[in-house]
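These notes open a run of structures that come right after.
Paired with chain B in one complex and with chain C in the other, chain A is shared by the two complexes that follow.
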Partner chain A sequence: MIRHYLKLIWNRKRSNLLITVEIFFSFLVVFAVVATAAYFANNYRRPLGFRIDDVWVVNVDAKLPESMVSEDDAVAVVETRRQLHLALRELAEVRELAGAYTVPYGNSRWMSSTKVDGRSVDYTMNGVTDGFASVLGLSLVRGRWFGRDDDAASWDPVAINEQLAAAIFGAADPIGRTFPQEEPEAGGKQREWRVVGVFREYRQDGELALPENYMMIRARPDSFESGPALGRLAIKVRPGTTAAFEERLVRHMQAVAKNWSFEVKPAVEMRAERLRNTLTPLIAGGIVAGFLLLMVALGLTGVVWQSVTQRTREFGLRRAKGAAIPDIRAQILGELLVMATIAVLLGTAIVVQFPLLKLVAGVTAGVYAASLVISALGIYLLILTCAWYPSRMATSIPPAEALHYE
Partner chain B sequence: MLRNYLKIAIKVLLRRKFFTVVSLFGISFTLVVLMVATAVLDHVIAPLPPEVHQDRTVSITRASMYGEHSQWTGGAGYRLLDRYARDLPGAERMSVFTSPDQVYSYPNGNKVGVALKRTDGEFWQILRFDFIEGAPYTADDVESARPVAVITRTTRERLLVGAPAVGRTVEVDGQRFHVVGVVEDIPRLRMIPFGEMWAPFTTLKSDSYKTELLGGFSAIVLARDRAAIPGMQEELRSRLARAELPDPKHYTTLVAPLESTFESLARTDIKSESSHAERLWLLMIGGALLFMLLPTVNLINLNVSRIMERASEIGVRKAFGASSRTLVGQFVVENLVLTTVGAVIGFLASLVVLRAISASGVIPYAEFHVNYRILLYGIALTLFFGSFSGVYPAWRMSRLNPVQALKGAAR
Partner chain C sequence: MIRLEGIEKVYRTERIETVALADINLEVREGEFVSVMGPSGCGKSTLLNLIGLLDTPTSGSVHLDGTRIDSYQDKALARMRNRQIGFVFQTFHLIADLSVVDNVEIPLLYRRMAASERRRRAIEALDRVGLASRVHHFPTQLSGGQQQRVAIARAIVGNPRILLADEPTGNLDSQMGHEIMAILKELNSELQTTVVMVTHDARLAEQTTRILRLIDGRQVN
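For the complex of A and B:
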């Protein structure tokens, strides 16, 4: 059957080649849309790891020079920061607060990497103070959070997410183990990092981002070592606190640190901004792709229509020799589906090169395969829609008339 | 002859309305996408006010210090610009300014965010803003760190509720400024002039910027003419090569490219001498061609179908002695008529789309216009599109065997 279709297609090879080329490009467009959507949908359904209801974020700009901070400046900054934390705790609306290098949906990122058994493990770091886990409702899987008790320790306590624990310690219990750091620069000495807790997840960039290896190291607002890194504050406010509190909050902070700048934002606003920034270009691309496919669908309908009209006598002959209406329709659809299959196979052959050549990062094989299947089905659906009306047209003319149709 | 072709073309187009509509849809949609893309690009890099001297303006926006193991890249610092980029040979004027800082004000309990850019006095000499009220602050104001500010029309509405604003005071980020001028809104994508409020850089809360080689500053340099630019770049490079670095153990080299807005968009490697702007052009042209591939194949398919349908007509004309060239000419004319109609529709549609994008506020203060330059691109694209998609079907048609064609049995 398929061999017969192939023969029929070969007989009209030039126009069919063009149609196949068109389906091939359409397949690429459909795949681009589906793969992007699948990537984000797959990320979206994974656990986020934190909660942002009633969390406000403050960007604290201490107006420090970007390099070469003098000893005196450092002491002054740490003192002001300590007072700032104390002053904020006085406010009745503030339930809990924490300093951090970066906050959820924030734009900064602190990347690090280390070597384990010869392979390199990249991870994202964050320096946070003791309250961070409770402000953001992080869920602990093993061990404990760092806290006041660690003040006396001669090592720095760190907490890591499950994914990083698995990447570095495998199945073994990471609690109490030393976190392997990259070789220090010549002459430099590093404090030991010891894992005290494992948390489920913390996807800093939010719902649409890929899960990643994550580590939080304990920072103290009163030590300069971790001090400058604490550029952000996360505050859990009392439920029902309104935007009017924002102005009071800023004035309160401004009173403590006159020359610093503060930017307060509810975390939900940052989340909305991040979603908008990620989705707007995707939606624009999606609209363009949608119109492209509509154009293709209309075009193919026209082409199939024309070719069916041209072949009216051929179909008339088949019907006169006893073929039923469904047989004729099956032939029209079958020929197109064979062409679509050729186009899809070609497209797949090209599209699978991307992960093989490592041109796409972060898309799992499952998502990629699912996108391929969905795109192929989408193309078949598109073809069937285009061919449905012309195939009815072809069989609506009685065979006797069709035979001498001009 | 041409008149006859046109007549036939219109008759043919009206005969199969479905084909005509689908072709027109494809053509005009393709044109809309390309026109919108060029309008956005134009919006970012075209020499529009306030950047009136853009053709001979170059800027320093980023800098990098690096050594064997360390690299630190960021905005340029005030010290770098002040010490090494001033008085370049062939430079007419130079201005330093910060990148806009998001600051907040709470007029009557509402929160208003404003992008505040701190500049020197020269800023207003190189860039020509459209003042609705008052005038810019001067070099003297900057010198004596007077708390004065220029704001945009929208900022005036949001902070002061109504004109006139000059003489009144606004408080942002805990600092108070006297408004001395009001200008028209500046699109956010115009990186160099953009701000919603401008104030002297000497009003920065801390003066630590004075010692920074890397920091939050940028500079624009107005050259006497375009020819002076390479010399200025060379001079800056050699001055930076001799610069004293604060931490020579880690950082041995300091670079800060001096280039046009488009070049800085195109730059991927801050260390390389050239920004490879041609590469970005090629990429954009390649992207546009790739995008046009599918619409073109679609149009070719439709055209082939349409021609084959007219096989018997072609047979008659061939039998009566029409040459292949005449027939190809006729068909290309038909196709150009079709693309021209599509272009007109596409042009009108892109006006609507651009207006909708401007009004939607997706890009703050964006005012997209179709200018003559864009229209020219559009016409060129349409002609290319029309002839390209018409040539292959016309060639197919001209090769039809007249006897077969008369029977309507074209393959």
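For the complex of A and C:
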């Protein structure tokens, strides 16, 4: 029977081309939507690497001049910062505190790279104070977190995530090993990072972001050079702390640093904002794609209906020759499924170029494969839905009447 | 073999009720060649459709080999049409997008049969009607008479016991008409196929074993 369908489809190729093209483009649209959704879903189920429950974030603006800071100003900033940290620790609601260049769901990003065996390894880095891992519940899998023991060290201690450890050191134990920092300025000395700890994961941009190479360097509150690293404060508050604490917190900080400004936000709000910012365009795209598919579905239903109507006499003849109602419906659906399969195969030939040529970074072959299967099933479901009513219409006319249908 | 009892067929629309057939009682014996005659609109085709299970009577019953079959479900009716009955239509009803042999194979598609066997039987049927050399032609490449011969091949490819022909020569010139009639007679005499043929042509009807006349949907003796 399939051969019979193929013959009919081929012999009616001009009228069937439109349907096949329509299904082909629908498949690409469905694939784009599904692949995007699968990409984010795949990221979502990976470990995040940190916890933000009861974590509040303070953006600290020390109002430093854009030009060179004088030595006196630098000393004043360091002293104010020290007092600020001491003052915050006095608050009963504050359990732990850390400074950071950026925090989870923050918009800042610090990129760097290193050369390993002649190849470049890119990574995202963050300058954080010693309490950062504790505030955000980072789980160390090897070594230790940096701390006061490193005050006298002649090297720069860092903690890196497992992905970066694998990218630089492969299967070797990275603890105690070093790798070069970025190229020094002319005449400068090449400095190195020394790995003291490895943490499992840290996806700074949150649940929907792809895992990335990540490194935390030690920032010291008593060093002016670490100033940028203290532009954010991550505060772990006691469970049950209410929003009313925000006002008291700001007042408390303002009392210590009168000319500085502070903006306080619970990390869960930052997370919600980030998810909203990421998902809104996706949802908008999904809705547009949904309407597009609805248009396609209506168009396809119309085309199938017209085709079925034009073939009423043929179906009458087939019933006269022994086809039962299910045979006719199976023929209508079968022909469409054959056309859908041709369209899906053509679409697949295009879609597989993406992983083969690595056209989109970060999307795994698994995501592509799952998206392909889901999209193909979606298209088949769409086809069956569109053809269902016309196929019923085709068999609603008695064969004697169908044979004389004009 | 075929028995119609008290058949009535009424077509109803919102305003009009048309009686197409009334009080038809008919018996066709196995191996008979019956022609049905009558003026246009007298119900000849309706009668053939009822015998061929393409339509259901408003009242009355259709029996085949003593079994009432008009109340069968769609699948059983389809099976009867496929196995027992062959149809030939005035307008041929060939599928223009299929080749001659593919058209002839159609009834066999609805049986469990290997493709090679289907093809063999279709070619054999075409050979019987003298069209073995046209198997890969398309209907539009054939004359009217050749198209009707393809339609006959399609009707007999499944070896039906009953052949129903609805004005099979109506669209053909007299020469072609006689050729088609010769084929039908041959099928009737050689294969013992029961033939019921609707015709306007008295000369063709005279060649059959029995003539049934209809006027205004009623049998005329």
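Criterion: the second predicted complex is superposed on the first by the 386 of 406 C-alpha atoms of A that agree within 3 Å, B and C clash if a C-alpha of one lies under 4 Å from a C-alpha of the other, contacts with A are read in each partner's own complex, and residues count from 1 in each chain.
Note that in this section a contact is a pair of C-beta atoms (placed from the backbone, for glycine too) under 8 Å apart; a residue touches a chain by one contact, two chains touch by 3 or more.
On a predicted model such as this, the values are computed, not experimentally measured, just so you know.
Shared-chain residue A:398: touches chain C; no touch with chain B. Looking at the shared chain after the overlay, A:19 reaches chain B, while chain C stays out of its contact range. In the superposition on chain A, contact of A:96 is made with neither chain B nor chain C.
In the superposition on chain A, the chain among chain B and chain C reaching more residues of chain A is B. In the superposition on chain A, A:11 makes contact with both chain B and chain C. By the touch criterion defined above, A:207 lies against neither chain B nor chain C after alignment on the C-alpha atoms of chain A. Touch criterion met: A:254 reaches chain B, while chain C stays clear of it.
Of the two partner chains placed by superposition, A:269 touches none, neither chain B nor chain C.
By the touch criterion stated above, A:319 is placed in contact with chain C alone, chain B being left untouched.
The intersection of chain A residues touching chain B with those touching chain C, taken from the two complexes, comprises 11-12.
Within the complex formed with chain A, the chain B residues making contact are 18-19, 22, 25-26, 29, 33, 69, 72, 74, 77, 101-104, 106, 109, 111, 173-174, 204-206, 208-209, 211-215, 246-247, 293-295, 297-302, 304-306, 308-309, 312, 362, 396, 408, 410-411. Taken together, the chain C residues at the contact with chain A in this complex read 46, 49, 52, 54-56, 74-75, 77-79, 81-83, 87, 89, 93, 95, 97-98, 102, 105-107, 109-111, 115, 154, 158.
Residues 11-12, 14-15, 18-19, 21-22, 25-26, 29, 63-68, 185, 243-244, 246-247, 250, 254, 258-261, 263-264, 280, 288, 291-292, 294-296, 298-303, 305-307, 309-310, 406 of chain A are the ones touching chain B in the complex. Within the complex, the chain A residues that touch chain C are 1, 3-4, 7-8, 11-12, 313-314, 316-327, 398-401, 403.
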